[in-house]
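Which chain is which? They are A, B and C, in the order written, and residues in each are numbered from 1.
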Amino acid sequence: MATLVVQALNTAVYTAVLFLIAGGLSLVYGVMRVVNLAHGNLYMLGAFVMAWAAGGAAASVAPPLLLLLLPVAGVIVGLVGAAIEPTLLRPLYNRAEEYQLLLTFGLLLILEDLTKFVFGPTPLSASTLWSAFGPISVLGSDYPAYNLLVIFVGLVSAVLLWAFVYRTKFGVMLRATSQNRKMAVSLGINVRGLYVLAFSIGCLMAGIAGAVIVPVQGAVLGMGVDALVLSFVVVVIGGLGSLEGALAGAFIVAVVRTLAITFFPELELAVLYLMAAAVLVTRPAGLFSRSSS
Amino acid sequence: MNDTAVTAARPAKPVPAGGYLAPLAVLLLIFPYIAPAYQTIILSYGLAFAIAAAALNLLLGYTGLLSFGHAAFFGAGAYAAGFVAKYLHVESMELFLAAGALSGIVIAALFGIVCVRYTRIFFSILALALSQVLWSLAFKLFWVTGGTDGLRVPTPTLLGGVIGTPADKVTFLSHQYYYYTLGVFAICVGLMWLIVQSPFGQALQAIRDNEVRAEFVGIRVRRYRWIAFVLSGMFAAVAGTLWAPLNGLATPEALYWPFSGEIVFMAVLGGFRTFSGPIIGAVVFNYLKAYAVGRTEYWQLLLGVVLVILVMAMPEGIMGTLARIGRRVRGEA
Amino acid sequence: MAQLLAAQGLRKSFGDNRAVDGVDFFVEQERLVAIVGSNGAGKTTLVNLITGLLTPDEGTIVFAGRDVTALPVFGRIKAGIARSFQLVNLFDLMTVLANVRLAVFTRENKTHQALRLADRDREAEDEARRVLADFGLADKWNVPAGGLAQGERKLLDVALAYALRPRLILLDEPTSGVGTREKSQIMDRIESVVRSRGLSAVIVEHDMDIVFKYSDSIVMMHEGRVLAAGAPGEIVRDERVATILGRTAAR
């Protein structure tokens, strides 16, 4: 029973992080039809920023206050995105979509080394922040309180994002543009600005994902490259361009992963990738996608 | 967003390769005698990668499909050599190559069934995801594959021992093995050239240019894409098998998706709209990377910047740009 | 005269739009049938159903005595059905000769040959040149298809279908986008090629002059159904047709 609770909570944690990363990827694709291969490295950037800031300031600041760094890290990554979109992505919109893959792959290489340059080649840890929260009793089992925080951040983000996309004026314009760009332009929507905003939000989500999980698992070079493929699996299952799909896909992937780790640890990753392939074969649009974002 | 396929622009008139072939061939043949051993070994690596890049271009330049999963075949070819050595206790290079080619065919056949139902970005991502299946297996099943330590690939015997193997490995790699690699390279590239010039090659290019019309000219589009995929995978695997003894080791890195990105980089660098482009691109990339790795720990940054510049300013790559300059010099459009 | 094509009870809907709504369509051997109707009448959808681009929701298509309803595109081409496109559909980067030669390759089952040089195939090249000559495109053989004038592109599109040696050729607006004088030139070409080889042809056309001049029979479609079918003389006298034509002319 105890392990079941722990497993369930771990699954929820994983879901939260995967949703944040994959959701960002999916949002960007849904609005702009861009697949950003460097997306994982923005997640890594968020992790390093948080680890560096929290690790550096840990000694002097109370842990709960350190949590304020979470959105800061996210915003920093978001700003990086705001710099990237107009300079590197916009010139490619009129060209074949394969060029985005090439360019964002180059970006991946650049970000990998920039991260190494700024933060150094060794992994950074923010585990003091994690342990500072201590364990909490959940249904009779001890569970790290920080992990519950991760789940909370995931939930809040999902709600905020949903509200933003479906309840605000920006969200209406976002959805309109994703469905029909030309129409949106003729309606007077500032599509360029919208694209920068959408891309920045996508990066922000990735950054927050990295920042929130780093106290749990540390920041390591190369974590972005790993994370990217997983987020592809999530969006393939859930449907590219759909936020609900990203959430559902994240959940499915998290559950399968937890099961796999428990019963077939060697096949853990292979199973996930095969699942993505299976979904693509049977329901190419993803299990939950609609034709719009 | 523009829907035109990445290859559906003005075709680059190929730089007349005929004039360059003979001197190039001579250079390649005498190379071990005019250059230090380590340079020859670097060139051997370049030739192996060139086969992989040309294989990728069978799909990209000629069929219009961008695969971000070719590391799967390259790595499979490398591991095939390792498995054959470890489990069959065999060290014949020919057997390595046969095993490599076979692995490439089988894996590409399986992956292809899934991948060729899609085009454009979905195809690329699917190829990437499937290649990761192999990577994860190599990574996790360490008692079979050696995990991150990799699988040792011993010095092979060439042509059943007819070509002797000197005791000194460096001499072997920079002479006997270099010529062997050159030979395999010539055969592979020759075969691929024939393929693209054949009626089958014409059909592939038609599929690339206008999928619907190709269908209505009687071409079985999906089947031919699959065949191209299998051929491409086979040659890429052979490249990996050739690479393995040079590296001495088959490692999960050869299956990791960023390596797929490097193969694409090579093809684009050289110019994917020509036949020779990816080959030139692979050799140049190999030197570029060797140089960068030797000079700075931020070599990925360097390569990344090169790729970004390439995409933004020089998408037709080296050969394409040379062709363009050539046209201007000759006073054509 | 035996029926070459018998399509019966064809229905095809896209969501709520009943593009083809219970159509019976017949083509006799060596006949040229024109399909006319206003935009959205379902003409192109009918062509797409017959050529295999779409599968019907209901109905059967029998070609030369064989049920081809479930046959995929390449199967129908092998059976002898070929088409050209309303929006010209060519291999723009390949030369005119290479375009037609490709159709010759597929017809002669040579496209699986991966280790022969395509340029060395004299036979295929000669056949392709003959087709080009039939269509008056012989001197443009070396031009990339994308570099031709619109009228020539239309002809090449038809030539590609013709090179497959079909028994039934379906042409979707073969003269659209072209000036009146050129229209006749194109249609003269097409008619002579079709008649000389004993092909049957179905032509979707808006220009009623062309329709009356070249076709053996006319099928008029309206809102997914066949409104009237028969020889040009009969159709002209049909009141419903006159109303539709009048409406179309007024637009």
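One rule holds for everything that comes next: a contact is a pair of C-beta atoms (placed from the backbone, for glycine too) under 8 Å apart; a residue touches a chain by one contact, two chains touch by 3 or more.
Not measured: the values here are computed from a predicted model.
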Touch-based graph of the chains, sorted into line, ring, star, complete or other: line
Interface ranked first by C-beta contact pairs: A-B
Whole-Å gap separating chain A and chain C, where each centre is the average of the chain's CA atoms: 51
Averaged-CA centre spacing for the pair chain B and chain A, given as whole angstrom: 32
Geometric centre distance via CA averages, chain C-chain B, whole Å: 43
Interface hub residues of chain B, defined as touching at least two other chains: 8
For the chain C and chain B complex, residues of the former touching the latter: 51, 53, 73-74, 77-78, 82-83, 85, 89-94, 98, 101-103, 105-107, 110-119, 121, 124, 144, 160-161, 164
Residues of chain B that touch chain C when the two form their complex: 8, 10-11, 191, 194-195, 197-203, 205-206, 209-210, 212-220, 224, 231
Interface residues, chain A side, partner chain B - complex: 33, 35, 37, 88, 91-103, 105-114, 116-117, 121, 181, 225, 229, 232-233, 236, 265-270, 273-274, 276-277, 280-281, 284
Interface residues, chain B side, partner chain A - complex: 1-2, 4-6, 8, 66, 68, 114, 117-118, 120-122, 124-126, 128-130, 132-133, 136-137, 139-141, 256-258, 261, 264-265, 268, 297-301, 303-308, 310-312, 315
